[in-house]
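Sharing a structure, written as structure tokens. Questions coming.
Letters are used for the chains, namely A, B, C and D, taken in the order the chains are written, and counting of residues starts over at 1 for each.
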């Protein structure tokens, strides 16, 4: 049994992780930590666990003390708050899977610039692997720290990666327009996220400056070998879960539908969690799952290609991918614990 | 392996059943039937199955032909359309689990009166057991036909059963006010169920004459031994799933919270799918699950008691309970295939 | 022109009042007050006013200073916070329309008991008139303080008033089961009201002890002349606006549909804002309006009657009724400024 | 009084028109026509009119007969169904305001190509003016037929018009990513638009081939004088109303925020229905109104500009703009009957 700890277990991503790990046959959750709910039973906060699971939250100090008892620690914390913990875990040889942003950006100055916070142990960044499983699987296997990708990032990169890697589209002109369910905004009390403020509304936010931008550019640049520039605009949808990314590329050469299909098949044909579809994806069909559904269409009229991808922001965009990373790290079947389909409606 | 067939597999309840049975380790779905989608792949209708499950729908005639190959047939059809099929299955010794209303009412004249249709084989009604597992478990075990309860019915009866059985409330004055998510209205094209007609709205329907009324009265009357009269009002909520029943009883005697709690514990304390709570239930905590959450409060000021129950209308209110009945019929662990918790949010 | 001030102008009810008064041809809003947004432009908080209305919020102290410049003051504050202001306004002869609960309950001890707060000027309660316009119109005309009814209260009382007044139903056995859109919970940051907590959920709250209970009982008791006892259960619906009250009465005598219809016609036939319907009401048809839609059905089988009423909680349940009260107080046409219909969908 | 007729009055756009015209002080609606509801009272279909408005629907034949009694006819019909009616009205000198697509495209072959239907009176196209009021106001004044723009079109063109007209962005590389509430899909019974299919979902549709594409390109091309090529992707949002268009342009020259602001001010500074904002628009702030809210941001890093616009698809995107066109045609104040603000929440 893999012994795991979860820090930040009561936010939407953290509890999704707790949910998945409770159903994972090879994992035992040793502790859940949440600084604002120390001593509170998880079922007090999430009634789905009522009468079934009575685990209580511990504080950060206790979590640190407990590092000796675990094999892997999952962090679901705001950026800039986990430097110390990561370092301690790293030194003790506990595998770290960080759902936050602190170890995703290779250049700590870029990180500091976009996130407006000082990186406290930049030397650990090079120990970290960017945990987009489909692309970095081999590197993940032996790593100590996995920087689990952001939600928008996962959808955006997986959609465009084959086109950039194979030089199909102009890497200086990518547009990624995406929309997310509201769980992406977290569970903190905030007037902007009240039901009446979100319901019956649709809006863009973070226009030109959302923090997932450098992460997408970094990984696509690595894929294509030449600097990628994207416009990325997230939007807020009145629904709980799901991300859809609608991505636009300007074709650099004449291509056919079959040629592109072959490229996607080559890159993703063996992947358990990527479904290449003929129909365009919808968020409901991946809700609660670790799938990334992808489809594309060439627009000969304008010389462009449109790729649409859909994920569940809390699963493939956060907790599910974290477990997929854990499965890779510990040599388990990659789909263990995350092989469910979406329930409709 | 239990070999199963599903008739009416593409409606919301039918596909929920298909979903559950696909995850049930002891069941093999031999066929799915849907008269309006013969030859169509289930993943064309429900994109959650894309690239994973390719089963195609067959027609009713083929379903009837295939009776020889199955152990159990699940019917998720409109009332009044399955008489022939039930008879044929019964004669062949295939267990029938009917999610429709045709075999729920003991007196076929009451059925005909409320449903406005002639019952074609009333003699089979006495072969049928009302499949509310927690109450009729022993009878279900040896039965040939299980009349799976209605969704509102399950929530209403489970809430009031202990109080009626133990003579706590006036059986002539019960009020059951309930609300359901929109999947309860089915998947047929109908202007009333369009998104823009349901969203941002709340309404009552079937006031004083909803067809689940006689079913609730019949079962509660059996429980208490004297005729029960209820007012039952269903409401439509702009959400996909879930039923909440708020039930009012007029106390016949002085009781305390502890006395009532003891009664509920006695009736349901060993049940896997009933969770007796201190907090009042919410539909989200049972979404996608087979649980019925129940809580109550005595109102000394008015001499009444309020009991609130919550279920998922498609699971405990339909497909999940059908599988629970199958588990009982075939001597399996009662929670097999339906022991998941709700995913939040 | 009537000069008006609004205190608590940035909550959902307060801003609805501001919206209506801005469209009222006989009113000039002299100031809007909001202690948490002093100096902030209303259009910063509510983007519907962008580039059109630039009024800035003032603080309570300034509001008090400004009493000399106004004819009427509207209070949309939490209970227990307006005693001083009401007293000052009263002494200066400024008409007070209080959307809060402080002056609704005749007996200040009952108020203190249900609201858990000490009433600071109980002597003013007898100066206040309960502002349910359809019932207390004449008393409102000359009053100094109007205690504007609660939202659930308005729906519940208007539905049952004719039946109680005319002795049709057992006044000791009334059940009022109601549901509200989420704007009823106010605009304060609170995890329970986040989009992801409310969406796809339905729940009861305040079971047996919601504070609107004594208000409903008090007014129905006055109507019928003998003590009324109700069970009142509110529920939360994932929609922005609207209240539906489903009310149950036990008939004391044999009545026909026509007899009851006549009673409702007699009480409400001349009312501008009550629509007696044959179909059952739905909240969408009164959204954004000052209407209360009412329908009923006799259940001969059980000897009961079910009455359903629908209002917009922010309009007829709060701000619209406040303006209706103002129109009455100042001798204007009662529908002035609040005669719009709902926009669909 | 202007005498008006509405054909197609019971769809979402048609009834929005009916709603607005009923509040327009200079208009009298002579008839409403709806082939599927002949003889039915509008309040049977839309309960907001209950007890207030009793107008009954007539059929198309009666509508044609009634042309002599009206000054203007509004058509809210599916494309390809109004050719005959337009011709008859035109010949009788009745002003035509067509909310459909038949007269929007200058070249009838382009129309036939995108809409897959033969145009029956292409000679009338040149009599028609494209009714985007802010851009074609002068031409609209004297016209006989106004081709009211599509909903997405209005949002897209208004957002990009100033940039294209002033040669700021590369006209061959425009991307318009937009999302709409579900009322845009109309009120016909269709499984895809059922509540449970739309709720908790977000999807793209019409990728690369939505019919609003040629309309946007045509008008932007006229504005800039050189062929504009756009990628346009619409998405479906689980809400009733609203369109948000997020538009991307590749800058052709170095520009500053102030330079662009000046251009938008120049084009729209005097417009009653365009609000240039510093914050990014949200659909809720224009809900139920005729406003188009616009904001932009230059992305120096990538050499691009992002413009976001928001409208209500049924008002500025359909019925409101139709009334604005009528106001222009008949020399009324342009804001008459459509000057309301959005109600929040």
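We adopt the following convention: a contact is a pair of C-beta atoms (placed from the backbone, for glycine too) under 8 Å apart; a residue touches a chain by one contact, two chains touch by 3 or more.
For clarity, every value in this text was computed on a predicted model and none was experimentally measured.
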Pair sharing more residue contacts (C-beta pairs) when A-B is set against B-C: B-C
Copy-to-copy rotation for subunit A and subunit D - C-alpha atoms, rounded to a multiple of 5°: 180
Mean-CA-position distance for subunit C and subunit B (Å): 38
Subunit A-subunit B separation of Cα centroids, rounded to whole Å: 38
Junction residues of subunit B - those touching two or more other chains: 12, 181, 183, 196-197, 199-200, 238-241, 281-282, 284, 345
Chain-level touch network, classified as line, ring, star, complete or other: complete
Contact set on subunit A toward subunit D in their complex: 173, 175, 177, 179, 181, 196-197, 199-205, 207-208, 229-231, 233, 235, 237-242, 244, 246, 248, 250, 280-284, 287, 297-299, 301-302, 304, 306, 308, 310, 345
Complex contact set, residues of subunit A against subunit B: 12, 15-16, 19, 22-23, 46-53, 183, 200, 240-241, 275-277, 279, 281-282, 284-286, 288-289, 293, 340-345
Complex contacts: residues of subunit B adjacent to subunit D: 12, 181-183, 187-191, 193-200, 238-240
